[in-house]
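Take a look at the structures listed below.
There are two complexes below, and they share subunit A, which is joined by subunit B in the first and by subunit C in the second.
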Partner chain A sequence: MNQSYPPPTSPTIPKPILQVEGLVIHYETPRGAVQAVSDVSFSVQPRERFGLVGESGCGKSTLVTAFLRMTKPPGVIKAGRILLNGVDILALPKNEMRRVRWSQVALIPQGAMNSLNPVMRVRDQIADALVAHGVILNQAALTARIEELLARVELPARVARLYPHELSGGMKQRVCIAMATALEPKLIIADEPTSALDVVTQRAVMEMLANVQEMVGAALILIGHDMGLMAQVVDRLGVMYAGELVEVGDVTSMFKSPQHPYTRALLGSLPSPRERKVRRAIGGLPPALIAPPPGCRFHPRCPEAIVACREVAPRRLETTGGWATCHLLDPTQASQPLEAADAAPSA
Partner chain B sequence: MQPPLLEVKNVSKVYGSGVLGKQQTVALDNFSLAIAEGTPIITTIAGESGSGKTTLANLVLGLLVPTSGEIRYRGQNIHSLSRSAWFTYRREVQAIFQNPFEVYNPFYRVDHVFHFALRKFSLAPNRREGLALIHEALEVVGLRPDEILGRYPHELSGGQRQRLMIARAFMLKPRLIVADEPVSMIDASLQARILDIFERLNQDFGISFLYITHDLSTAYQISHDIHILYLGQVMERGDITAVMHHPNHPYTQLLVESIPVADPEVRWSGGRARNAAARDNHASQARNSNGAPNNRCRYFP
Partner chain C sequence: MSLLYLRNRLLNLLLVIWIAATINFITPRLAPGDPINAIFARLESQGQVIANSAQIIDLYRERFGLDLPLWQQYLRYLGSVLTLDLGYSLSYFPATVSELVMRALPWTVGLLLTTTLLSFVLAVLLGALFVWRGTPRSVHLIGWVLVGISAIPYYLLAIVLIFIFAFTLNIFPAGGVTRIGNVASGLSWSSVWDTLYYSTLPALSILLASIGGSALGMRGMMVTVLGEDYLLLAEAKGLPERWIFLRYAVRNAILPQVTGLAISLGHVVSGAILVEVLFSYPGMGYILIDAIRGADYTTVQGITFLLVVSVAVAVFIIDVINPWLDPRILYGKR
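This part shows the complex of A and B:
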C-alpha cells in the first residue's frame, strides 16, 4: 500500500524525514475515549530542529511516542499516516519496525535520566542497549565504541565505570543522549530533556544534544513547555493545544508575530529575566480531552473569541511563517465578539 | 531592638556517609541570613542541583540539626524552644515542596489535608467555622471550593494541587513560608499564577517567603533579595535587581547568561558559559570528592 509513495520529488525540494498526516490517537478508557491527538499533520525536514510546545496533558508525549510505533494500550492510533523517510511505518511488519527504531528514529523519553538502571554501571547499560539493537562487537571494540559515544557528549572515559547515582542530572541526561544516538538515527526525538535541570546544566545538555544531532546529521524534535528554551534551540516551532496542533511556523516569525491567541498567551505568561511584572497567566484550565469543547478548543479561555469560535472548528490558514488555525485570521468569518462573561469563565 | 523573625547564624551542615562517616559532604558552609520582623520580604535562595538549597530548607524547618551554628526564630534557637513555642513555630513556619503529588495520600479526598491541619492546630471551635476557613483559603489561591473539595488528588492538575498546598499553608496564618522549588514541576503557563499568589500573600497578608529555586527568572519576578549558593557556599548576595542587572561574581554571571532568552534573535551568549559541559563534569566531581571545609572558593577554578 505504500509502494506508490513518496511521489517523485525535484532535487531542490528535500524530502521530509518525517511526514505526519491526519494522525488521531485515543486512549480508550471505561469512561470514554480520551482524544489525546486529534487530526495532527506536519512534517520535519532532514537536519531541521523542530520544537513542540504546549501545556501539560495536551498530547505531546502521546504524539511522538507514535513516531516509533510505541503507543501502548489503552492508546490506539485511530487514523492517519506517519511517513519516516517516505516509508509508512504504521504499515511495516513488526520485526522491520524494530530495525527502524534507534537506527532511523530514536527517542529520549520524558524522565529518561531517572530510568537508568541504578545497579548497573554506565558501561554495561550502554553495552546492553547496543546489543539489544543488534550491534555485535568484541570486548575491545565494545570498550572503544563506548568511550567514543561518551566522548561525543564530552563525558570522560572514567564515567563508564560509574553508577548512575554518582553522576549529576546533566551527566545522566548526556549518557541518555549518547545511548539514543549510538546507531546514528536520522531523527532524534527528545521529550522534555532538560525540564528538571537548572539553567546552566540545561544549557550544557542542550548544546550537547545539538552537537550530536549535527554530527550524525539527524533532524531533532524537541518537546518542552519553556518558550525561552525553544527560542534558543529550534528552527521551527509547533504549538499544541488540547490534542491539536494550532500553529506551526519558523521560530523567528512565531516569536515576532504569533498568530494564534494561544501562542500569544503562552509567550505572555513567560517570566522575564529582564523586566519585572510583565507576565500574564492564561485564565482557566485546559479542557478534559474526553469531551473537548466544540468549535475551537481554545475558545473558552480565549480573550479574543468571536461567535464562530464556539460553533465552527477553524481551518488552517497560511501565515508569514507557516500556518495557524484561528477564525480571526479568516477573512470569510464575520467577527462578532462573544460577550466577555461568556468568553472567560475563571477556574 | 527587636530580634529578626528568622536568623540563620553561621550554619554549616556536614553529612557523613560511608564507613565511620569518612566520606563527608559539606552541604552548607557557614551560611547566614536574616529576615526582619515587621517588613515581610521574599528572599530567594538560588543555585544549581546539589548546592545545598533543600538542606537549608530542612534546617529552617527544624527537620535537620545544624552541624554548627544556629537557627533562631524571634531570637530563640529553634532547637531549645519550649513545647508550646515549638508548636507555635510549627504553625507559623510552613513549607511548600516541589512535588505536590507526594504530599497527598491518594486514598483520601483532598479535604483531608485541611481537616487534619484544622484539628492538629485547633484552628476552629467547630466544623462550620473550620469549613469557613477552608473556603477562605481556597478563594485566596483562586480555587472554587465546590470544584475542588470532595475530589481525589489524581483528579486535579499539578497547578491545582500546588495551589491547594499554598491554601493549606495560608490557612495556618503563617509568618514565613519556605517554598522549595514550588513551580519547577509546573507548566510555564501556570507558573505565573502561582507567583502572583505568592506576591499577594506577601503584600496583603504580610507573609515572608524563603523562595528556593534554580530559576532566576521567576526569582526576579517576585523576590526582594537573593543569595546565590554554589556547593554550599554563598557566591553572591544582595538586592535582586542589582544582582540580576550587575552580577559581580563569575558564577552569578554564568547563571544570568545561561537563562534562555525568549527571543530567537538573542542567542545564548558565548564567553563564560561556553564550556558548559566541562563545567558540569567538574562540579559533579567536586560534589563527589571528600569536601572538607576549606577557605578557598569552591567555584574556583
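This part shows the complex of A and C:
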C-alpha cells in the first residue's frame, strides 16, 4: 500500500490508530433527521482495548460502521473526520477505501450469528478476503493459512469444509473472529459479539477475541451491554447516550468513581448477589433522536439535574482517567437543583 | 446419507406418477356407460348406418379388454402407461394419442423451453439490477416498462403484438404454421429459418408478459437478502462489488426463483393454450384445446397425464439439485 503517513508528532505520545473528530451522522427520514451520532470525538491507541456501552438505540452501531465508511442511506455523515492510522478515510477514493477495509480495520457486525453466507463453505468465506486483497493466490498456501487461522480460535481444520448451518453459535462467532484477523488489521471492531450466546460460551468467545487481538497486535473496539464482561476485558470505556459520547475514561477509575450521572445509573443497574433486591433500572426512556432534548440530553431522566442542564449543552471536562460532559463537574456552573427552580414562582 | 435422500425423492416421484395414473384410470370408469357404445351412438346419431353393430361392439370390447375384470384392466393399463402407450384418439381415431403428442411436442418444447429459460435469466438479472446501486438509469427504465407490460392481460398483449408486427409492419406472420406445407420439413437451414419466422412473435409475447412479474419477485428477494448481516460482513471484508453482488446477493436471492423455474419447466409439455390458440401455433396447447372442444377424452387424459409426469419429474430434478444450490436443504429435510 502506498499511502503517505504523516510523520509521528512526538515520540512519547503514540500516534492513535483511530482518531474521531466531531463526527455527526444523521438518518434522513421523511419524518426528520434522526441524529444518531452527535459531535463524537475520541481516539484509540494501538493495541488498546476500547469498550463502547450505552442503551439500545444510542448510536453505537451507527458510529462504528462509519469507521469502515459503510454508513448506508438514509444515513449520512454530516460532519467530522475519521483518521485511521493518520489517513482521513472520508476523503479516500472508493477503491482505496475498499482496500483499507479488512486489511486495516475489520468489523464483526452485530448479529454475527447471521454474518456468514449460508450457501458458502467456511473455507471459501475466509479465502475470498485473502484473495480479494491479493494476499494469497495459490491454493496450497490458502489452505494452510485458513487452517492456521482456524487453529488460532481453537477450531479443528475440518470446520473449513462445513457450511454455516452446521456450526454452533459459538463456533460461528469464532469463525468470524478468525476471519477478522485474516489480514492482520490494525483495528478490530466487534459489535456485541456475544449477545446471542450463553454465559459460558460468552466468556470463552470473549477470551478468544482478546487472545487473538493480542496475537495480531491490533487495537480492539468492543461494543457490549454487559458491564461486568466489559470491566474484565477493556482498558478504556466510552459511554454513549442518545448519540453523544458522555464519558470516556480508564476502566478502573470509571468503575471506582463514575463521573457522569448516566454512567452511575448504568453501573447502578448492574445486579449484585449481595444485594438481593431488584436493581432500579434507569427511570424513563431514552429520547427520540429526531428531536433530542435541549441542553444536556440526559437531563429529563437525570436525578441530579440542575437548571443549567435544561438550557446549556455541557462542556467536556477532565476527570481522573479521562473526561465527561456534565455540568455538575463544572465549577463555573451555579448549581440550583431543578426541583427548586420549578417550585420557585416564575417572574 | 445423500443416497438415502436420493432414494426417498425417487420413491416420491414414482408414487406421484402411480397416483396420477390410477386417477386417470378410475375417472372415466366412474362415468356411466361404455366408451365403445358411446362412439357407436355418436356415429349413428350422425346418420351413419352400421350393420350388425352389436357384434362389432363386442369385438371391440374384447380387443380393448373391456370385458376383462377391472383389476386385469388396471394391470394392462399400467403396463401400457409404462410404455407410454396412451391409446387411440377418439376424434382422430386411427391416430394414437402418442402420435398426436409427438407431432405437437417439438413445437411446444422448442417455443416454451427457450422462452422459459430466457425469461428466467432476464428476470433474475433485471430483478437483481433493480436493487443494485450501480445500475444505470436506462436499465431501470426498461425494467419498469416491462413490469408495466406484464400487467396487461395476455390476450390483449398478443393481439396488440399481432396488430403491430403482423398487420402494420408485416415483419412476422400472424400465425399459421398449422397449415401444412408452410414449414420446410427436416433439419435444414430453411426449416430452422421457418421455425424462427413462425415462433418469434409468440416467443416475444411470452417474454414480454412474463419477465416483469418474475423480475419483481427477484427484486423482493434481493431486498431481503441485501438486509442480511452476511452482506454487511462481505462489504466489510473489502470484497469487490461484483463479488458481493454475484456470490452473496444474487446467489442467495435466486434460490426461490430456481424452484419456480423448475415448476414452469414441468409445465412446458402442456403447452401454453392461450399463446398457441392466439398465434395458431401447432403445439400441445393447441391440440389440448382441440381435444377438449371435440370431447376427445383419451387425448385430454393423455396430455393431463404427461403434464403430471413432467411436473413431477421437474420437481424431482429440483429436489436433487437443490441441496447443491442450498446446502441447508439436504440436512434440514432428512
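The rule is short, and it goes like this: the second predicted complex is superposed on the first by the 324 of 347 C-alpha atoms of A that agree within 3 Å, B and C clash if a C-alpha of one lies under 4 Å from a C-alpha of the other, contacts with A are read in each partner's own complex, and residues count from 1 in each chain.
Everything that follows uses one rule, which is that a residue touches a chain if its C-beta (ideal position, glycine included) is under 8 Å from a C-beta of that chain, and two chains touch if they have at least 3 such contacts.
Since this is a predicted model, take the numbers as computed values, not measurements.
Comparing subunit B with subunit C, more residues of subunit A are touched by B. In the superposition on chain A, contact of A:166 is made with both subunit B and subunit C. Looking at the shared chain after the overlay, A:109 reaches subunit C, while subunit B stays out of its contact range.
Of the two partner chains, subunit C is the only one touched by A:70; subunit B is not. Contact with subunit C, but none with subunit B, is seen for A:101 once the two complexes are overlaid on the shared chain.
In the superposition on chain A, contact is made by A:133 with subunit C only, not with subunit B. In the superposed pair of complexes, A:305 makes contact with neither subunit B nor subunit C. Taken together, the two structures place residues 166 of subunit A in contact with subunit B in one case and with subunit C in the other.
The touching residues of subunit A, counted against subunit C in their complex, run 65, 68, 70, 98-103, 106-120, 128-129, 132-133, 163, 165-166, 176, 179. Residues of subunit C touching subunit A in their complex: 228-230, 232-240, 243, 247-248, 251-252, 255, 325-328, 331.
The touching residues of subunit A, when paired with subunit B in their complex, are 55-57, 153-156, 166-171, 174, 196-204, 207-208, 225-229, 231-233, 251-252, 255, 265-267, 269-274, 276-277, 279-282, 285, 346-347. Within the complex formed with subunit A, the subunit B residues making contact are 47-50, 142, 144, 147, 157-160, 184, 187-193, 195-196, 214-218, 220-221, 241, 244, 254-256, 258-265, 267-268, 273, 276-281, 283-284, 287-288.
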